[in-house]
Amino acid sequence: MVDLSVRIGDLTLQNPVTPASGSFSWEYNDVIDLNRLGALVAKTICREFRWGNPTPRMAETEAGIIQSIGLPGKGIEYFMEHIVPEYARFKPPLVVSCSADNIEDFAALAEELSKSDDVAVVEANISCPTRNLTGQNFAMHEGYTRDCIQAMREKTKKPLWVKLSPNAGDMVSVAMAAEEAGADCLVIANTFLSLKIRTDNFRPALGNKFGGLVSPALKPIVLRMVYQVAKAVKIPIIGIGGVTCAEDVVEYMLAGASAVGIGYAAFRNPTALVTIIEDLEKWCDARGIKKVSELIGAVKDDDMELDTLVAASKGV
Amino acid sequence: MVDLSVRIGDLTLQNPVTPASGSFSWEYNDVIDLNRLGALVAKTICREFRWGNPTPRMAETEAGIIQSIGLPGKGIEYFMEHIVPEYARFKPPLVVSCSADNIEDFAALAEELSKSDDVAVVEANISCPTRNLTGQNFAMHEGYTRDCIQAMREKTKKPLWVKLSPNAGDMVSVAMAAEEAGADCLVIANTFLSLKIRTDNFRPALGNKFGGLVSPALKPIVLRMVYQVAKAVKIPIIGIGGVTCAEDVVEYMLAGASAVGIGYAAFRNPTALVTIIEDLEKWCDARGIKKVSELIGAVKDDDMELDTLVAASKGV
Amino acid sequence: MTQAKTDHYTNSALKIGQVDNYPDRVAGEFISKVVSNDSVNGEYKLIVVEVHEAALRAYAGQMFHLLCPSPDSSEVWMRRPMSIYRINRDARQLEFLYKVEGRGTRGIATLNAGDEFNIAGPLGHGFTLDPQWKNIVVLGRGVGLATLAPLSQLAADNGVGVTAILSARSPDVVMSRDLFEACGAKVVTVVDTDNSSEVGNVEKILAGLIAEKKADAFFTCGSERLLKLMQRLGREHNVPGQVAMEQIMVCGIGACYVCMRTFEVNGEKVLKRVCRDGPVFNMQEAVAW
Amino acid sequence: MTQAKTDHYTNSALKIGQVDNYPDRVAGEFISKVVSNDSVNGEYKLIVVEVHEAALRAYAGQMFHLLCPSPDSSEVWMRRPMSIYRINRDARQLEFLYKVEGRGTRGIATLNAGDEFNIAGPLGHGFTLDPQWKNIVVLGRGVGLATLAPLSQLAADNGVGVTAILSARSPDVVMSRDLFEACGAKVVTVVDTDNSSEVGNVEKILAGLIAEKKADAFFTCGSERLLKLMQRLGREHNVPGQVAMEQIMVCGIGACYVCMRTFEVNGEKVLKRVCRDGPVFNMQEAVAW
């Protein structure tokens, strides 16, 4: 039987399948056994109370959804007191995602979260496209990213994960800046800034106008980003975007990810995370793979002159 | 009956539906009447002969395809002598897309293409993600874009259209640079740099590794870009990405596009362009729209505080 | 070249007869089997499914989140929430009454007896009956009647008297009448065709019931106009009430915060999740659109 | 909330009986009607469709590009190319013989008599017979036999004698035998089970035919190994030949340059489009994998 565990820096996950922030909560324990997951990932928390964005917050598109939630929440204090204990009942490590408008608040959040033994990881969501009306965020720029992560690094000894934006033109530079500033892991990626206009009333379909596109169709784009970043950094990567089955986990790992995050698939099938863990185990066992971690970065890309269809036909 | 004509600078198109470069050729006249199209758009031509990329050049993905053709062709001389006359048999204006590795070649192509009366428009494809192994191109940077378009502008009096890249992080700045440098129209956008790895043999699915993702699922991302750029520039925009029906044309026009380009839909249904033109006419007629050009930029986005579902329920 | 992925999704979903070895289960993903899927009238259909017994914990006012088959060539990407119309524990069946509207419900309409149908639930917080209530008034319109229908069963089981005011466009599309009557409810139908459904007339009926002491509590769903009416009368005459609300959903489980609606609690505006904090709420706290 | 879009696609596709008012038509998008779709053996199925007469201009070696229905819950995004197996002009029918492989062909396999099936074609450059040829040799294996089959008809119509060497894994999966025999061809079957399909043995058969002057031209499809053999013998004995090639396609019309394969023309390597320059090529120019 395959060993599904993977290491993210000093932290060991029992398997590489984790929920994606914002699409998960401890309430999923109603449906699946949370103790089976690689990690628990809380919805992004901010310092202050936030209403979030006007409804509708979701609209279906050609092949997926756009959403603009706007990071609603009761603020960090309430979170530490009431939400962290909900997660603490379960065994997998708790990753807490946080977001702010400025570097001071990001650093303060890192400090605050580090006070709890129940928080295993601080995740910096510097890439939320729904925080404000423009969709701009720190992860669009390597400079802002460096400054922000440096400030957080100074305030926390916990593993610091950084969630990047697929809307950045040069994600590799942003990723390298985050690594230099002390990030322990890169989470690639958040959602794609998008717009839908209704042709019946000529209005944007979402209350906040822009939204983040979520769709299995986007996987090849995010996979390319994971692949590029993995060649440029030494820290581990968690791939997020369009994972719906065990083969998708394998594909992300081949590209260089050490684990994956899952959002959409769990909306469509509340039991998806557990199913994918089980299928991944079967997939590895059927191929005699002893440790799933062997797959990390195992893409065969060193002879790209060769016509790969020829290669395939020769059984390579 | 609605007037479907739209103006792109000094040029009038009989309707806003055009093929996208690279997914069209005069050979489509075997199946549809090319004289019904808004324009004819030739595949991107380079100065030199090019083999294009190793096969396979296409692979299916979750919801679309990735492709890496690599701009094969016999070079500009052959093109002017043998291909331009093929298009000249038809009435719609001929848009010729061109690409190069450096500014000198781009300028030379503009000059060369301008010698023919049968070429109505020079389109600068500064955004092809399959030209080289890295996927990099001028349209990723506002500086390169400005220099390149300026150099081309000096060599041609024909309308100069510039095709932008969705991989740029800040498309608005790139678009403004192109406008300043003398572009007459912006074509938004080319394909998304992507990767697919086969889980059976761990190899990239395409011969050239990276490919451009083409999928109706991407429309909300490109639509957002069209919307953002339309607010920032004065020149017209052609929206390209995921158009598969008349409502999609309307949505792009509402966002600010004056016309659209179509690739994928015509692969799936060779008669798609004509179907969409006919449906667009019906759509407008059913709503009493007299000129399709009224739709350009007509999105209702000036009261975005309002909950749009409330608005919808009130019949707004 | 892409692989079919649908099979994978359902591995951990419970099929009929399968052993459920998850002790903490509150809700589940179930592969149900369609028993029938017939038209009730020109707009509504009733789908009856057989399910794993774990799904039968459902109670009035809760919902299931339905994975709709595609009515065309592309997927229906999100589930659709539906109230439970009827729970038949003996036959291990659940029933949903639905209006054929968009792609999701058109997809459900394509299902035939014997087909598999993936449903997730039971979800949310449903109706509750205070032991002190002897007589309640149920007022619904359109698809709201589907949500209110199981109240008839619940009330009957608890020995509570029901007056059901069913509002509809015309007499032939009044639904759930039989269900309410079978449970001993007194049914009043009001329709647009003879103007009896106008707010003024419904107010008269409600005022009459209050005067007769037949209105210990109000229940409503399906019309913002009727909600406002019941809220006003409830405030004036001190009648407590419950309302089932709707909002577009994504997760259905309480995680995503897509399904928010505004409520007013002790004079303060708050947002609540329709999927988990509701879909049934204190009527006086609801803010109608 | 998204609208079904499939209907739109087909507005300009020709249905049976519709007037075709496009004078320049060479190929078309057709809504054909499935007549039958039966298994030929464990791996292959034969689909017979009725089409608009404009689709009947097809000739041997050309292909159609098929819009495959989905075998699961997500679309098959690209069309799949298939050779024409048989053209039945009297009945206005086309036949395709296909191997059930991946999602596309599994989708085609779900079609039933009466269903609509969107097919585009006829496309490409097929087989041609030189009036000087009296006897030809056809050598095919597996799915290649589907492509070669209509040659039997073409040769019969032109009074050309055919020797067909049909290669297969085992005798029960030899296909098209009847079709060739019905057209008067002499059929030789070679199979893996008794080693008769080995290159050495096939070479002996071919050499015999050359010696007997029964080989004015060679035709092949479906095996790189057999292609190489025919190329060598053809060069040595000056026998011209034609080969049908395969490659992954997107447009099928010649526009996208996805379907390239390498050829050697006058000692120089060139790339050609399988969809438009082929699928049938000069055998000596083909470069086998």
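Which chain is which? They are A, B, C and D, in the order written, and residues in each are numbered from 1.
Keep in mind that, in the parts below, a residue touches a chain if its C-beta (ideal position, glycine included) is under 8 Å from a C-beta of that chain, and two chains touch if they have at least 3 such contacts.
Since this is a predicted model, take the numbers as computed values, not measurements.
Enquirer: By that same contact rule, can you tell me which chains touch chain B and chain C alike?
Expert: Chains that touch both chain B and chain C, as defined above, are A, D.
Enquirer: Quick one: how many steps at least from chain A to chain B, stepping chain to touching chain?
Expert: Minimum number of steps from chain A to chain B: 1.
Enquirer: Report back the single chain whose CA centre is most distant from the CA centre of chain B.
Expert: Chain C.
Enquirer: With chain centres defined as C-alpha means, what is the inter-centre distance between chain B and chain D in Å?
Expert: Here the centre of chain D sits 35 Å away from the centre of chain B.
Enquirer: Could you put a whole-Å number on the gap between the CA centroids of chain A and chain D?
Expert: Between these chains, centre-to-centre, one finds 47 Å.
Enquirer: Take the average of all CA coordinates in chain C, do the same for chain D, and state the distance between these two points in whole angstrom.
Expert: Their C-alpha centroids are separated by 56 Å.
Enquirer: Where in chain C do residues touch two or more of the other chains?
Expert: 1-3, 5, 74-75, 77, 248
Enquirer: Where in chain A do residues touch at least two different other chains?
Expert: If we look for residues of chain A contacting two or more partner chains, we find 55-56, 59-64, 205, 215, 244, 247, 309.
Enquirer: Please give the residue numbers of chain A that touch chain C in the complex, ascending.
Expert: 22-25, 27-33, 43, 51-52, 55-65, 67, 69, 72, 215, 244-247, 265-272, 274-276, 278-279
Enquirer: Touching chain C in the complex: which residues of chain D?
Expert: Going through chain D, the ones touching chain C are 1-6, 69-75, 77, 102-103.
Enquirer: Looking at the complex, which residues from chain D come into contact with chain B?
Expert: 3, 5, 8-13, 22, 24-29, 67, 74-75, 77-79, 118, 120, 247-258, 260-261, 271, 276
Enquirer: Could you list, by residue number, the parts of chain A that touch chain B in their complex?
Expert: Listed in rising order, the residues of chain A that touch chain B are 54-56, 61-64, 66, 133, 135, 140, 167-170, 192-197, 199, 201-211, 213, 215-221, 223-224, 227, 242, 244, 247, 250-251, 254-255, 298-301, 304-309, 311-312, 316.
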